[in-house]
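In the two complexes that follow, chain A is the common piece, with chain B as its partner first and chain C second.
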Partner chain A sequence: MAGATTGTETDVLRQSSVIVTSLAVAAALGLSACGGGDAEGSGSKTVRVTLANHVWTDNLKKALPEFEKQTGLKVEITQLGEDQLSDQYNVKLNAGSSDIDVMMYRPLQEGKLFAKNKYLADLTDKVKSNKDWNWGDFKSGPVQATTYENKVVGVPIITEQEVLYYRKDLLKKAGYTNPPKTLDELKSMAAKIKSQNPGVAGFVARTGKSPAVTQFSSFLYSFGGDFVDSNGKSAVNTPEAKQAYAFYGGLIKDLGPANVSTDMGWPEAMAIFTQGKAAFYTEANSLYKNATDPAKSKVSGTVGFAPFPAGPAGSKPYSIPSWALGVNDASNNKANAWKFIEWATSKQQTLENEKAGVPGGRTSVAEDPAATATYPKDLVEANAEMAKNGVGHDRPLVVKVAEAREIVGQPIVDAITGKDAGASADAANEKFQKFLDDENK
Partner chain B sequence: MAVTTTTPSTAGKTSLTTSASTPGWARWANRHRKWLFASPAMVFVAVLIIFPVAWTLYLSLTNAEGSVRAESEFVGFANYLDVLSDTERFWPAVLRTVVFTGGVLAAEIVLGMAIALLLWRPFKGEKWVRVAILLPLVATPVAVGMMWRLIFDPNIGMANRVLGWVGLGPWPWLAGEHSALPTTMLIDVWQWTPMIVLILLAGLTSLSDEPQEAALIDGASAWQRFRHVTLPLLMPTLVVAVLLRGIDALKTFDILYATKGKGGGSFHEVETLNVYAYGLSFDYNEYGVSSTVLIIFFLIIIGSMWAVTSRRKDAA
Partner chain C sequence: MRARTPYKVFRVVALVVVVLALLAPLAWMVAASLKTNVDIYNPDKAVFFSPTWDNYAKVLQQANYVQFIVNSLWVAFAATALSLLLGVPAAYSMSRFSMGRSALVVLMARVIPAVSLLVPWYYVFSNLKMVGGFTVLILSHMFVSLPLIVYIMMGYFDGLPIELEESAMVDGLTPIGAFRRITLPLSTPGIATAGILSFIFSWNNFMFALVLSSAHTKTLPVAIFDFVGYASIDWGGLMAASTVVTLPIMLIALFAQKYVVSGLTAGATKG
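The block that comes next holds the complex of A and B.
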């Protein structure tokens, strides 16, 4: 008897558990169906924004609730690393997806490609519509980079120059009171410091074929060269360019870290510097917080900044807009997307960002002493100095930038690994000319 | 034993389900049941495999670039000629793919066989050892790549420190132009040998003991027993292991990308066909050429699969 009762009870239990499971499955299906409906239907109140990992993005997220309260809009942020961001755009924009409303993009890297593919909505009327927001306040160089065939396709949010990071303590120990003014001084000082401090490199910078191109560009300009000459021809094997390749590669080969890898982008090179393993480092100034923040840097207290050292042609660092905001042309929510951009690039937000160490695109903010009050003094001076003689690009201005960077970057890694930089520059020049011919067909 | 599998019982079942009283559609469904049951899977395959392959084939015959939605021209086999005559990126990538696959496959089979034989017979604490050996298998390849990147860092990495203790090194490992590919192979062997162990161990435990005992009584040595008894019996399992792992190794992407990044490093040191095709489409936006490389790659995979399976039939 008892056995039979238990059996029935088990059956009931089993049955009810089956019912519960089916209900749960049904509920899950129902919910997911609702989710799908939501994402498609109510685009009007939700702005979908795709942003890169950057201090700028962190600052924006802090201020976001205020924007949502003011406008009643909901902002959905997707935040990705640079490479993942590129891949995401490649897939989604290629498919004509309306999933993205606002996109953070690199005007010099993919701006031309995106504009040519009509991924970026024409913002010309929008930027001119609001006098208070004032499009005229934006610096002309960056504006040029976000304009394609006379149409405004983006609003610059971050600008940067190449600056010399150095270790005050190591310079002092070696008897130097000032950072190097010229590239030759940089070399001799780096050599002396390296010989004095075993395990510490004299100089470090990016070494990866593609990532190094932008930081190499200031060396190239300061030696009097450029990637493309005034006639639109490849110029990477001019005597100036060959000298620049040999100099940059030589600095890293002879005075750089031991067993240097040729894969370093800024995170790896910055890590070597902030671990106290290098005396000098040339890098974008917009990354300075990585070196001065005690949480990220072992040498935060002894980092100094100086303008890019002068070469035979003077000090000519790049001065470029590294990031901008654009609107996806396939978005169904362009009006609200613009509202978001207007707010994110407002004077107030730009000022907040500059205070946090991210230089933006507005002249009025750049001239506001409040903006740079928290910066290291020498960095402010260096930035001001470099704004005068900066070059407006840090890579070849072409459509297929990724491919071009690999071509003009080859002599850099060849020089670093001790190969014949001159011969490599000749080979690169031939390839680059062919690339330019193909692209201008 | 024979009673449970007699034909009459099976035949009886079949005739029962198709008796005259069942309606027409049910009879039709019953007659075509193998198609009916397989159709969801077939639709799935058509949508997710045949369509993409056909589309890739189409793209490979065009000069699509920049955006796949942009207008492109039909260029026939021009891409194939370009790719097959490219000795700078394509053929080196083919060579690297072959070296990588052949190398890791050989190492993994030999090591996997050795470890499987060790773990075959019960011993104390075998559970723990088995779990420990399988750990690399469950780690995500990207995390594995990042971990080994740190270990192999030429200046601060563990690998060179250990070498230093025994008076060797420092070696460039992943940073070296010529050492990068062998280093990534080492990582792959570390990660995927456990899978071979798992498959072979399953095969070994299903073998009956009688042939072994018979060989033992005949006075065969351990090596002779392995070579002439275990190995032939294990052959079908071994072929499966080679096939599965071989195809997977050909397609390796994650470890290479996580350790060396785009283009397989500044000198394309570890650029295999898969990494090359990725670079062509995601970096260069050359969808036509990229599709061509992928189609050729696809043919290589099918070819090698066919080679292995046809050998298996010969052996059987």
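The block that comes next holds the complex of A and C.
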């Protein structure tokens, strides 16, 4: 296997870091010798890591004994769903807790809030200290999202982009040989397939006010808009944005499933697609296994992937870090916390994850054919295509993201239910501008 | 008797509607726990499907649920027992010696939203290095149980005629003896009601356990979320786990309901 070379390479690298680590551990032992089982002391041997439920976490847990053996550290993992994780951070970090050393967080959803509240330790020196680990290897978009006021506060571990999921069999039946290249083609193809196949929608996507915002963002960018303009003003009622709202809402209203609910997040929208009830679906590529796994999907054999179709401004899907690792600024164990991150984001771990279908933050791994050997071929091509023209955010970059999503998501829902998307965008713009003013006070 | 036929028919229909509405989600949950993930989404297989036990196997073997069940049982049991120990005598004295203000203070604990206490609690307990242990979980659950028990028992003691104790004291019992040998045995149904309610509250409590528990003291409501991932939701596993969580408490409630009802109808005053 081609992966073996990379494996041995990292092994050599690790050998040297093992020595460094064992020295550190010896020092730590000396320091905390009288502490006994106390996990709070500085340089404690136990690193407390809080992680989200994710394939990435499962992979990490498999490799963990190796890390513990090499470093002599003990890793204590708390694993939670993403919302529970947020709740817990909000309580614990607010209380200035040192119970968490390493935290897995969502740079775009809560990164700005955490950094602003100084929950995240400054890692700038640490990321630059180890040449072999190579900070320069990380993709620039995601790195931007984990940098706050020129300080590095996190290391991206999982990245994602929006792709077009489609049904090869339905396209073929309608006489199409290729997936749509533009949004206009998407619309006409979806319309034709819908008319040919009763009970099958031409298009499906998220419809819930807040969940839809991220998947709508690629439409917005591809129409030439954004949530906030270059002067920091709300831009959700520009002509481009109005078009994007009307287009996204129109697709679902006219070509979507009958009696569509305006409450769908990815689990619901994905279910419609994987039950074979829709021809096209725009969604994050990180979810692709839900569609290709026969245990979850009825259409696993006929799913195709294509780059996000181009709008008037070209194809501009989001390309973002969905998760990153940071160090709790109140932790008493920062050196070992960093050691854990260094290992968890090493080339080898990134490769293992990439092989399991979790795209990571490293360019060298993304370009390694061994990493993507198990992916559907068209997905690899789509991903590579989109990495070039991706936009680094999929939601407004603000502190109170949840609130902002509710505001800019309203016109999506209004467009789906057939209300005037333009008027709704105007109302949302006024609200959003007020929100931005409040936040920048 | 006096009820007319239309009324009877209406009653039956209304009962059926209510019961169906209440049972449908439960039935769906149990059915889904026996399906594969791809079948759960399939409306054609809503009722007829080939059942699988894989989800339960996963829950009980892979996901370490036995441990979480034990955790939940221990926390709920300890919190209820301790709350009863403190709450029943407290309720008795509040009821008998008209300590209205103390009762109000206890009621306050029910009025304050629990969320607002989480951060200070967490701060205090983490400085005491108690976070993640069973003690702190039990204490936090007692915060809910204790006022509940005090209030139920106060009402109960208010209903017990004071003459019973007076005559016991005439017969030579001390006040404490009268409480222990007369009032307490008579209040068993009330204590059962309070205890069961407190047990259920504790069993279902999610918020306190989310913040105050650790990987090995996690209780069931928190553990359920292990089946919800960022990019994948294991509905089958989730529903099997939910069934595992719901079943014991339903059995307890069913079994205990009988006890409570019979206790209440028997009446506390036999004279």
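Quick notes
The working rule: the second predicted complex is superposed on the first by the 398 of 441 C-alpha atoms of A that agree within 3 Å, B and C clash if a C-alpha of one lies under 4 Å from a C-alpha of the other, contacts with A are read in each partner's own complex, and residues count from 1 in each chain.
Just so we're on the same page, a contact is a pair of C-beta atoms (placed from the backbone, for glycine too) under 8 Å apart; a residue touches a chain by one contact, two chains touch by 3 or more.
Bear in mind the structure is a predicted one, so any value in this text is a computation, not a measurement.
Look at A:N259: by the touch rule set out above, it reaches chain B but stays clear of chain C. Contact with both chain B and chain C is seen for A:D87 once the two complexes are overlaid on the shared chain.
In the superposed model, A:L113 makes contact with chain B only, not with chain C.
Residue contacts after overlaying the shared chain place A:T417 against chain B, while chain C stays out of touching range.
In the superposed model, A:K209 lies in contact with chain B only, and not with chain C.
When both complexes are overlaid on chain A, the residue A:T46 reaches neither chain B nor chain C. In the superposition on chain A, A:G96 makes contact with both chain B and chain C. Once the two complexes are overlaid on the shared chain, A:A402 sits against chain B while remaining clear of chain C.
Contacts of chain A with chain B, set against its contacts with chain C after fitting on chain A, overlap at residues 87, 94, 96, 275.
For chain A in complex with chain B, the touching residues are 83, 86-87, 90, 93-94, 96, 113, 116-117, 119, 207-210, 257-263, 265, 275, 277, 399-400, 402-403, 406, 409, 413, 417.
Interface residues of chain C facing chain A in the complex, by the touch rule stated above, are 36-38, 41-42, 118-120, 122-123, 126, 129, 131-132, 210-211, 214-215, 222, 225-233.
Across the interface of their complex, chain C is touched by residues 40, 52-55, 76-82, 84, 87-88, 91-92, 94-99, 267, 271, 274-275, 284, 286-287, 289-290, 294-298, 322-323 of chain A. Contact residues of chain B toward chain A in the complex are 66-70, 153-156, 170, 172, 174-175, 177, 260-263, 265-267, 281-285.
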